[in-house]
Amino acid sequence: MDVLLDFATTFASQLQKPALAFLLAGMALAALGSKLVIPDAIYRFIVFMLLMRIGLGAGMEIRDANLGEVLLPALAAAVVGCVIVVLGRYALGALPGVRMEDAIATGGLFGAVSASSLAAAMVVLQEEGVVFEAWVAALYPFMDIPALILAIVMAGLYRAKQGGTEGRPVRAGSIVVQSLRSAAVSALLLGLALGLVSRPEGVFEEFYDPLFRGLLSILMLVLGIEAWSRLSELREVAHWFVAYALVAPLVHGLLAFGLGYLVHLATGFSPGGVILLAVIAASSSDISGPPTLRAAIPSANPSSYIGSSTAIGTPIAIAVGIPLYLTLGRIVFGV
Amino acid sequence: MSTTSKATKLSIVTEKLNEQAIERIVMEAGGKGYTVFDGSGRGSHSTKTRDRASVVGAFSLVKIEVIIADRAVANDIVDQVSAGYFGDFSGIVYLEEVEILRREKF
Amino acid sequence: MSTTSKATKLSIVTEKLNEQAIERIVMEAGGKGYTVFDGSGRGSHSTKTRDRASVVGAFSLVKIEVIIADRAVANDIVDQVSAGYFGDFSGIVYLEEVEILRREKF
Amino acid sequence: MDVLLDFATTFASQLQKPALAFLLAGMALAALGSKLVIPDAIYRFIVFMLLMRIGLGAGMEIRDANLGEVLLPALAAAVVGCVIVVLGRYALGALPGVRMEDAIATGGLFGAVSASSLAAAMVVLQEEGVVFEAWVAALYPFMDIPALILAIVMAGLYRAKQGGTEGRPVRAGSIVVQSLRSAAVSALLLGLALGLVSRPEGVFEEFYDPLFRGLLSILMLVLGIEAWSRLSELREVAHWFVAYALVAPLVHGLLAFGLGYLVHLATGFSPGGVILLAVIAASSSDISGPPTLRAAIPSANPSSYIGSSTAIGTPIAIAVGIPLYLTLGRIVFGV
Amino acid sequence: MSTTSKATKLSIVTEKLNEQAIERIVMEAGGKGYTVFDGSGRGSHSTKTRDRASVVGAFSLVKIEVIIADRAVANDIVDQVSAGYFGDFSGIVYLEEVEILRREKF
Amino acid sequence: MDVLLDFATTFASQLQKPALAFLLAGMALAALGSKLVIPDAIYRFIVFMLLMRIGLGAGMEIRDANLGEVLLPALAAAVVGCVIVVLGRYALGALPGVRMEDAIATGGLFGAVSASSLAAAMVVLQEEGVVFEAWVAALYPFMDIPALILAIVMAGLYRAKQGGTEGRPVRAGSIVVQSLRSAAVSALLLGLALGLVSRPEGVFEEFYDPLFRGLLSILMLVLGIEAWSRLSELREVAHWFVAYALVAPLVHGLLAFGLGYLVHLATGFSPGGVILLAVIAASSSDISGPPTLRAAIPSANPSSYIGSSTAIGTPIAIAVGIPLYLTLGRIVFGV
């Protein structure tokens, strides 16, 4: 019960914080039919700025990090990503009225990672004074890419079993490359590389970092608007996708929290790191994932996986997930 | 005016995601060029947006216009695009007759 | 190539302001889809801009293209749009003959 | 005479200030045929940022405001908005060569409010150290919406009297909703709501507020460019529109100043508030007004009202109106 | 539907750089209006981009559509544009037959 | 040898600085096939912001400058711009397989100036503590416009000699006007004028200046992406363009450095000013130049001059030129 009470308090206090408040405000705007629109060019630029900020921060810190420390968390991230896909295929895919390709693609998207959820969680932890290794952001692709690959492989196997003629062979290498080249992952890696090998402290401190929270507030608004606007797409797909999208982020986050806790015991992975790992597990990819899946599993209905993820999964991961893992972190680690 | 001759204009409305692949088909099948426009629309699949922030940008639409002097080449492109990109993806294709100058360019 | 059949392409150039209302007319009259492009232009009313900051954005133009297998539906849309949106607003409408595949889609 | 002298001094000193200088520079750029263009996406984003900043500021302050205080100023705003429309119909509409629908629509646009003029005036007052209640920004819709509705109703009545067949009934409710949903008003209300119910102090102080003056300078540039580019539209309409656009902003502002002064006597409404009330009265709507009027009074020629407002009304309201009401404020209140 | 009549639609794909000059030709030759769209494409010259940051923005493409009731005017525009803007610049021009209403507008 | 060693040290240290690091990172991104794209609206806005910042800074300082001081550097800038064009026509144009029109246009582009190289050099000098007169930025059009005019005149003469029928007469006045109206030059002059006649210190210090370095880092990224993407265009033109583009920026910069040194002896032109003069000479125009040349010398193949400039000339001017002239400055002036 205490957990619930703690969660309620944390949730209420997060509600006041810009990240969550702007997300909900965006949903309200769209629900009320506002014509307010953030231009696409601005949206893409904001995502770039956030990922650069995260990447630069991580890169500058990795310089001094012990690479050994990163190994186990990276492995945990990959495992979580894959388990989420397997869960999607066997749990969601087993439900009545759910097409198997749609289930696998949805599992893939929820296994993959959303940069905005990660950014929101980083801001919340900073404000709460919970420390984490800056390189935790670098775990993103370690969860993202395996999840997408596994989903695509599973869909290929499934089609082959169905005797589909379509069965073009899955080339894992090409999916890795495609993921790394996506706008989101390459912005993150760009920041990482620049943080690692150049001296971007100046621009980081006077440009990328001070704009971070403000730009994030706008991104949250966009996510809220998008979430509401896409709710209608879910009407066209089986109701189970709604149920999945409500529950899965929390299950995935708890799973990752548990695994992260083990890594904490083993290597001293920070409490903040464990919480962030839970958040990226709970999140579902909104930038790089959808086009990759669309191209590689064309028979899956994009309304099923994008609707589940954008309309419900992401808001739940941010609005419920972040306060939940923060509360858990407080209880478990006393942070 | 220099004399004109008849040619076929092929218009392909497709998800942006498929833009490059279809352009490759066009050039390999013998097209001499193409012009592309951003758009949005509605059909039997869900509505596609343009301009407004769209978390899933790669799903907005493009229209690819290809003018081809040789009808057989046009037919070939239509077949290839229909086979590869209209089963599972949104899209339409249609043909029009146009008058061109400088026939050697098309 | 699978056989093609004739259809009518209706193009409506109108102020962005009227975009949604006209799209509704199209769908209610029996259109199966439409594609929309941003544009700018000049006609008997004042010049419309695109892209550059325009304090009055809602006045830029769009072109709505609708392909319709049944000419009567096309005529109906032309009538409704002409009656409601061309007296006081900028705009033109024109029709072209096109060849389509998959006739059931249009 | 002293008033004139004071005004001249204030005007000269404002000329040096970014708001006015950038506005005039924009006009000069366009006059000289420069190809410099601020992309539309940037323009829309700047307007969003300014309105969010204004809304957040107002919302955070309203938390502690006595709602009773706001009532009378809000009523004054609504009265001014409506009087301006009536003036437009009976004064401008009575002039030779002026079509009645055009006169009514122009009155409606001048009764409505421009966010950029409001923002410019707020910056000027801040720089001059003139205080005002932050919630004054919330008066915007109280003037804007009644003016638009009244104009549309009047145009409907006029058409009905002419026996126009067109006469679709005016639904005031739908116009209110449409106005509230417009990009400008909903950005302002979004900011207000977030300021009221969440704790956006952080992002306000590190993002929205520090960028305010800089972004405003760019917006002024855009307004100047637009003003000059649209001058040519006025050639197609009766000359009286030019005369109206030159004089009306000042008359409207003085009217509002007078009414504001009465409210000041009654409730202690601040001098800065009175000045701002005059500025929003002097301003004419550039974002939400034109499309609303275009859709609801299609028989009015948009060149008449948009030309009057954008090409002349807005520059006059900012360049002449703001220094004028500031001077008056100094004389009347000794600020 | 009010009766329609035949007219010619002229489409000019050209570098943005030439947009204004060609629009002037259109109006001076007797065109009553035009509509312009941003695009990108590929032909015998190098590939043109749209949307993405392009250091050399003025080289992206536009398509200018002009509907003209009088074929002689259309021919005249084709001649002038071909002479002035297709030797050294990228671009194509083609004509289509369209059906219009309100013939006096075109 | 010492020069080489010094240069190597400076180069290595600049490699770490954001300007150069982001440029190279952009090239790497494009080389690796990343889909990361900076939207065009953002790019154009960034260029505007940088030029405004440079112009405002120069304008505010020119207020107190002795106009006599500016004359000789301005003359030097014009001379350098013209010499570069002549070099292009007689050196590049004499090489086998190079069409004369292409050579002249390329010379014109390299004689003209790139705002981004100028901005990058200003940031580097500031970071290195090398002072310069802020009005040096105002030398931009004095080099840019004469170079473009001379190239267009030379191309006209060449065509006339070939008996080309095309020979429309060159109107120098119209080219000056066109250059001044271009987005880049007019943003710079706008800033200059506002800095000179208004009091933009407030917005300069809280908006334009603090965003300068950050926005420049993004611009460098864009330049890097563009450079790589346009390399392929060079395949279609004579190899000599590659050689020219590699060598010319350095030669041009050294020439300007020499001339700048004479001006330094004559008028006390600052060491930083000499270095900046060298950088703008080394740079080639990327915004205003190409469309001007395209319109005025349509028979020149744009792939030749834009490919040379964007793909190679600009990266060389920034990556090699800036450290080189900085090293020279250190040796010659002991800064």
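In this document, chain identifiers A, B, C, D, E and F correspond to the written order of the chains, with residue numbering beginning at 1 in each.
The definition used in the following text is that a contact is a pair of C-beta atoms (placed from the backbone, for glycine too) under 8 Å apart; a residue touches a chain by one contact, two chains touch by 3 or more.
Since we're looking at a predicted model, the values are computed, not measured.
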Angle of the C-alpha superposing rotation, chain B to chain C, to the nearest 5 degrees: 120
Taking each chain's C-alpha mean as its centre, the one farthest from chain B: D
Chain centre separation (chain A, chain F; CA means) in Å: 43
Chain E-chain F separation of Cα centroids, rounded to whole Å: 35
Cα-centroid distance, chain C relative to chain E, in whole angstrom: 19
Shared-contact residues (touching 2 or more other chains) in chain C: 37-38, 51, 96
Where chain D touches two or more other chains at once, by residue number: 37-42, 44, 211
Interchain contacts, given as pairs of chains that touch: A-B, A-D, A-F, B-C, B-E, C-D, C-E, D-F, E-F
Touching residues on chain D, where the partner in the complex is chain A: 39-42, 44-45, 48, 177, 180-183, 186-187, 190, 193-194, 197-200, 202-203, 206-208, 211
Chain F partner contacts - residues on chain D that touch it in the complex: 15-18, 21-22, 25, 29, 32-42, 127, 210-211, 213-215, 217, 221
Of all residues in chain F, those that touch chain E in their complex: 37-40, 42-44, 222-223, 225-226, 233, 236, 286-287, 290-291, 294-295, 298-299, 302-303, 306, 310
In the complex with chain E, residue positions of chain C that touch it: 13, 37-44, 50-51, 61, 63, 75-76, 78-79, 82, 86, 92-96
Chain B - residues contacting chain A, complex: 15, 17, 46, 51-59, 87-89
